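Letters are used for the chains, namely A, B, C, D and E, taken in the order the chains are written, and counting of residues starts over at 1 for each.
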Amino acid sequence: MAFPTFGQKRRRKRRSEKAKRSEVGAPPGELVADPEAEASTLSVFGIGNGRHERIENTDIETALAKREEWPLVWIDLSGLSDIDLVRRIGSAFGLHDLALEDVVNTDQRPKCDAYENHTFFVMRMIDTEGRSKQFSMFFGDGFVLSFQESKGRDFEQVRKRIEKGAPRLHTGRSDYLAYALIDTVVDTYFLVMDPLTEKIDRLEEEIFEDVDVVQVPELHAMRRDLLHMKRLIRPTRDALNALIRLDRPWLSEETKVYLADVQDHCDQLIDIDDTYRDNASGLVDLHMTLTAAKTNEVINLLTFVSAIFIPLGFLAGLWGMNFDPTISPWNMPLTQSPFGYPIALGIMLVIAIGLLVYFKKKKWI
Amino acid sequence: MAFPTFGQKRRRKRRSEKAKRSEVGAPPGELVADPEAEASTLSVFGIGNGRHERIENTDIETALAKREEWPLVWIDLSGLSDIDLVRRIGSAFGLHDLALEDVVNTDQRPKCDAYENHTFFVMRMIDTEGRSKQFSMFFGDGFVLSFQESKGRDFEQVRKRIEKGAPRLHTGRSDYLAYALIDTVVDTYFLVMDPLTEKIDRLEEEIFEDVDVVQVPELHAMRRDLLHMKRLIRPTRDALNALIRLDRPWLSEETKVYLADVQDHCDQLIDIDDTYRDNASGLVDLHMTLTAAKTNEVINLLTFVSAIFIPLGFLAGLWGMNFDPTISPWNMPLTQSPFGYPIALGIMLVIAIGLLVYFKKKKWI
Amino acid sequence: MAFPTFGQKRRRKRRSEKAKRSEVGAPPGELVADPEAEASTLSVFGIGNGRHERIENTDIETALAKREEWPLVWIDLSGLSDIDLVRRIGSAFGLHDLALEDVVNTDQRPKCDAYENHTFFVMRMIDTEGRSKQFSMFFGDGFVLSFQESKGRDFEQVRKRIEKGAPRLHTGRSDYLAYALIDTVVDTYFLVMDPLTEKIDRLEEEIFEDVDVVQVPELHAMRRDLLHMKRLIRPTRDALNALIRLDRPWLSEETKVYLADVQDHCDQLIDIDDTYRDNASGLVDLHMTLTAAKTNEVINLLTFVSAIFIPLGFLAGLWGMNFDPTISPWNMPLTQSPFGYPIALGIMLVIAIGLLVYFKKKKWI
Amino acid sequence: MAFPTFGQKRRRKRRSEKAKRSEVGAPPGELVADPEAEASTLSVFGIGNGRHERIENTDIETALAKREEWPLVWIDLSGLSDIDLVRRIGSAFGLHDLALEDVVNTDQRPKCDAYENHTFFVMRMIDTEGRSKQFSMFFGDGFVLSFQESKGRDFEQVRKRIEKGAPRLHTGRSDYLAYALIDTVVDTYFLVMDPLTEKIDRLEEEIFEDVDVVQVPELHAMRRDLLHMKRLIRPTRDALNALIRLDRPWLSEETKVYLADVQDHCDQLIDIDDTYRDNASGLVDLHMTLTAAKTNEVINLLTFVSAIFIPLGFLAGLWGMNFDPTISPWNMPLTQSPFGYPIALGIMLVIAIGLLVYFKKKKWI
Amino acid sequence: MAFPTFGQKRRRKRRSEKAKRSEVGAPPGELVADPEAEASTLSVFGIGNGRHERIENTDIETALAKREEWPLVWIDLSGLSDIDLVRRIGSAFGLHDLALEDVVNTDQRPKCDAYENHTFFVMRMIDTEGRSKQFSMFFGDGFVLSFQESKGRDFEQVRKRIEKGAPRLHTGRSDYLAYALIDTVVDTYFLVMDPLTEKIDRLEEEIFEDVDVVQVPELHAMRRDLLHMKRLIRPTRDALNALIRLDRPWLSEETKVYLADVQDHCDQLIDIDDTYRDNASGLVDLHMTLTAAKTNEVINLLTFVSAIFIPLGFLAGLWGMNFDPTISPWNMPLTQSPFGYPIALGIMLVIAIGLLVYFKKKKWI
């Protein structure tokens, strides 16, 4: 049997990574590259004054130079194998050692850390197969730095909206761009949640139709996956809450309204998640009870057949005994009578009907 | 078997809608019409100075023009297919893009958003078949804008009360009208809750009378529906709480007393919901235990019959063996004796009675 | 089987009442008499300056007139069929429409509403059969107005204490009288809780002695009733808390100490309730496990008997076959030997003992 | 079977006492002696200026007189039958009527009530058999008044420490003495908790070794007793918290550090309690599953034996039928053949082996 | 069967220790050595001005003398049998009696106590076999005092980082060293959590493959161990929170950022713990349901075999009866007919097929 494993393996690896780190005793703040990390690709976006410039696959010098040219620069690093690159970005923008360590250690919980000159925001992206990857972002006055565990087309829509000249993305403020990235990630959660809930609805219908043991591990996997989703979304919601309450010059009230909207989406997701987890738990109970009822029915049949035919079989056995009827009339009565056999059958029939009536009355069958 | 599905399908559709939105990458604040949305109908009510004017099926220009004529104007839009109409109302009253998006995306959780010049309130209406539809409302100084997912006679009573000249509805203030609409929606929850609780009370009586497997999925459906209700009512209560705490010139202290009364109704509903969900959970346990007890009884019967008649059948089998009694007296004892048969029956009877007494003593039967 | 239904039916009726109200669309604040309400009886108590005057079955004019004569007047209305009476009391003391509606709609949750000139307090009285009725009370400067759903001797002791000249009740302040009424209602909860807890203790002893299926619905009913009690007591406690925190001239610090004592009683009741509900849940589990153990024992017996006698019966069947032993010695061995029968029996005995030893070793019996 | 009943009966009596009080309608603050209360014994301790004086079994006049002589006087009353004594102590120290009522009504929850001139603290002492008795204490400037439901040697160690001249107890301040008494009571909880946890650890080992139905009610009793303990300790902790937050001249910051230490002990006890209750719940589940597994094994045996031997028995029955083989060769085949019997046995053996292989393959055995 | 006992025995001993303490009536603040405590070893580290000095196995005088020489002195005591040593350190640094008692009583919950001149921090170290030992630490202006229940190499990495000249550890401030020690302890939690979670993932796969009763106690042990871990980590997290909120001159804002990072790690651990405990609970349910399904299947087989062959056996028994067919044609029909036997077999076959079809239709098999 193959059951959904929704990001099981990736989670496994990561945890070991953290444990290994403490095994080798890496001091806090020291960046240790994950040997399995994806190759790094750097891209940079300069935005402002109604114009924009997009450079893909560039090097760090070019990227940092753009900072002088544009009111807002968005540097995106996909793949985290190049630790040195991370370190250089960190020193160029004055990022805290611990925050950089969190960027590289890709098993962080979603969170929002407030530093003096920038805000650090960590989220997790999930694809429909349940693989989750870390998305970390620093943003401050005039810059957004995004770090993705692996390259994907996740933010292509945001890039296109910039290129199409969406006015809010061209104000040169970093907060709305940061919002757009966060919003994009949260939106993908709906794409992941949808097939999960559909599956549970389908399972519910199936169980209502006919209980089957294969539904049980599926229900278990659904519950586990929904729990996994919730453990991603709830801290994301809390991080958004912390972000909205932050008082920083690069965070405008106007953008906070948009961030509150993302928070609403998280609430909606948590709501759906809770509803479906409760439903899945109810389905586990339902399955258990329906299975027990099925067993019941089968045992009823067994009991019915046994309770009728075992006594009758005993009676037949009695007349099958080899007592000599010729010695005395006490032995094997009826066997020598011309109507003995039909009378015996009659007796059996009467007993069978009597038992049936008795069981019916006792509501055993 | 047909089980209640209480709004299952509608919920399903909506979720997909949201996921689809994020699939096509619609930017935040952009209104996307749901292709399945109902046709839009606009009606307008002008109220004030002891008079009122009601116009049904009007166009947007007429509706907006009434704003100048009357102290309080209530514009109601049923059916949300005409996105342009929504957009024009939005720009006429200065509504926020995100709020308008929430009006059109009809899968919002109940909430209260406070904007500078108006308050945005979202609720869900439920009909007795469990279909839920969204009701969103903006109200501010001199206007109430209500948006319903589909046309219904839900607010006919409020309209009649205005027409009958109810004094509180003729003050020209928007808050009491908004309260009247909210109150009407919450009142319908009682109409939905009532048959649910009645059904559970009936199920309880049925289970007390005789457990049956068909009660299990019904109990499951009841629990799911009650949970669904609670997930509607609790955020409605929170939204009301937020509304009462708001400090806006168009929200009078006097009306807040009325809103607190609606909040009390929500508390009452949550209380009933919790009580009945706890009761339903208890009934699931009860059902399980009573079913197990029934199985027990049947297994007891099976054991009783088997434990008496299988040994007796074996005895009868012994005397049915074909050892030749004529060769030696050791073979087939009693079979050649004149009273062998009644003696054999006597032995069987003694064994049967002995077993019966033994089982009785062991409390197995 | 007859099971306790602890106020089930009354609760049922009330809920329908509320739903009906929203069906007919009664506007908020409009008093609608319950057609099943009890006939109204009015009594009035004038207290102050060391004297008192008690008038039973009086009319509204007399009652209101007493207000001028006495520092403290206590008007008590039992039975709520006379809506007009309620309305006149309301207008005489300036009571809020919504509060009056709550008086007449006798399915309120316990609560404390603070108005400018009076405090509104709602509780529920329970009799030992689990019927709950509403007790609402207004009190302010110089007056206590109490409304009971049905006439009872519940406050007779308070009346007697006034007549005996209890000093605290003769100060002419309304708060201590209000406290005395609240205290009386909470005290009756102990009278209801006591038989419930006794029943669970008795059930526990019974289950420890011998599990029986009839205990299951009793446990269910106990749990439901304890839950019902808790849903009455917890909001009462919260209402008391709100009352103690109120700052009104007619609420003295001294009386608040007494109200805190009632709150302690509520805490005690909630504690007892929680303990016994947890215990009842534990008993449900215990019952389930002990029943399963009993089934186990019976199945063990069935298996034991079957596993011994079915194989032996087969052996006897073998020797009961009608192969002709005279044709060849291969057919029906032993049957023609003089000691065939005892040898056959010996073989069976050996097999039976062997199986017994094997089962014993496997700990199956 | 005799199961632990951990203070069941005492709790029972007390509850009835409270209910009876409300039955007779005793007004609040009136002291009603429990007819079963223990005889009162008064002892007094004068402490201060490095000296101390201990008088056992004294009368109230002597005890009150000591108040003038010593900076700190500790009056201890064991047994609460002498209501008048309680009343006189109350009036001598200006204690509130309601607090005195709580002293005499020995079913209070642990709590801390703050009065103007004294602090009232209620706890419950437990002995290892689970009997709980009330300990109430008033302390203020220069006095500690302790009331025990029954005489015990519980505070002998505190008395000895005073007599040995422990410096902190000789400062003449009441708070440290009060702390010492509270600490002594909380310390005894460890003595009660220890055998409980040991029993659960032992039960866990037993269940791991062999499940037995007698473990179930023991687990139930353990869970109930741990719950009972928690319901004592948690409010004690809350009362300590309230005490530490109090601002009274007779409560020094220094002593509050000690009280916080007792609070830590309560936290530790709650932690142990929670851990063991969770463990006991897990053991109930474990027991259920292991019992089900045992049933499973037995049913497997039954099925195995039945599925092999019932078909074989049928075959033997076929050859035991009395069709006349001499009439036609179609009747009773093989029975007239010289090797019919071994062939028949061979057929049966093949069927038996075939079934065994089939069951093995299906993993049914 | 041997099951993991994860620190069971050590926990047991400790609890008894505390109870014993209250048995002998040791007054609060008095240090009582645990007779089983490990021998004490003292080591001291002087750090500051870019240099450092490490002395192992020294005596108390040397250790205290270093305090004058170095800006920061770290005294570490492993093994707590030498009570006098603890007492002398206590008086040298002015530590509170109650804190010292907590150092020696090695069953404390993790906590942070704030004293005037130093901060007291208690944690628990766990090794991979689940043995937990107490780590207590005082730190203030220029000193860190660490106490370990038993000697281990736990802090060797911190010592090496000091010796390698890690800049943050050479500032001469105590807070970063304290942080380094706390961080080291929390890091080891990951090493303990990792095999636990791996085991559950492995168990999940095993259960998905084939349910077996031995998985049940393993699941129970996993749940218990995860709960044990959580009870360590959650109060550690709270203690860290308290530490971060403290306002003391020796606690810099800069170090608090690092402490917040440790808090994040605790959150991560709690998250993993919660996820895996929920998963383990789900697996217990899954196991139960799959086992029930297996029983079901076996009972189905039993019923199938019995329901087919018991009636057929009865039929065969009928024809095995010894009625005399020669007396009348009514006796033993077919037995004297040439095709009687095949006809009888045919009848049986028809009945068997009929039953099969019926069962199939009823979905019983």
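As a working rule, a contact is a pair of C-beta atoms (placed from the backbone, for glycine too) under 8 Å apart; a residue touches a chain by one contact, two chains touch by 3 or more.
Heads up on the chains, UniProt names are A, B, C, D, E = Magnesium transport protein CorA.
Bear in mind that the values here come from a model prediction, so they are computed numbers and not experimental data.
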item: Topological distance between subunit A and subunit D, in contact steps; value: 2
item: Co-neighbours of subunit E and subunit D - touch as defined; value: none
item: Where subunit B and subunit E overlap in contact partners, by chain label; value: A
item: Separation of mean Cα positions, subunit D and subunit C [Å, integer]; value: 25
item: Between subunit B and subunit D, centroid-to-centroid distance (C-alpha), Å; value: 40
item: Touching two or more other chains - residues of subunit B; value: 288, 292, 295, 299, 302, 306, 310, 313, 317, 320-322, 332
item: Chain-level touch network, classified as line, ring, star, complete or other; value: ring
item: Subunit A to subunit B touching residues, read off their complex; value: 157, 160-161, 166, 180, 183, 187-188, 190-191, 193-194, 197-198, 201, 208-209, 257-258, 260-261, 264, 267-268, 271-272, 274-275, 278-279, 282-283, 285-286, 288-290, 292-293, 295-296, 299-300, 302-303, 306-307, 310-311, 313-314, 317-318, 320-324, 327-328, 330-333, 359, 363-364
item: Of subunit C, residues touching subunit B in the complex; value: 1, 3, 8, 12, 15-16, 18-19, 21-23, 25, 27-28, 96, 98, 102, 107-109, 111, 113, 210, 213, 216-217, 220, 223-224, 227-228, 231, 284, 287-288, 291-292, 294-295, 297-299, 301-302, 305-306, 309-310, 312-313, 316-317, 319-322, 325, 332, 334-342, 344-345
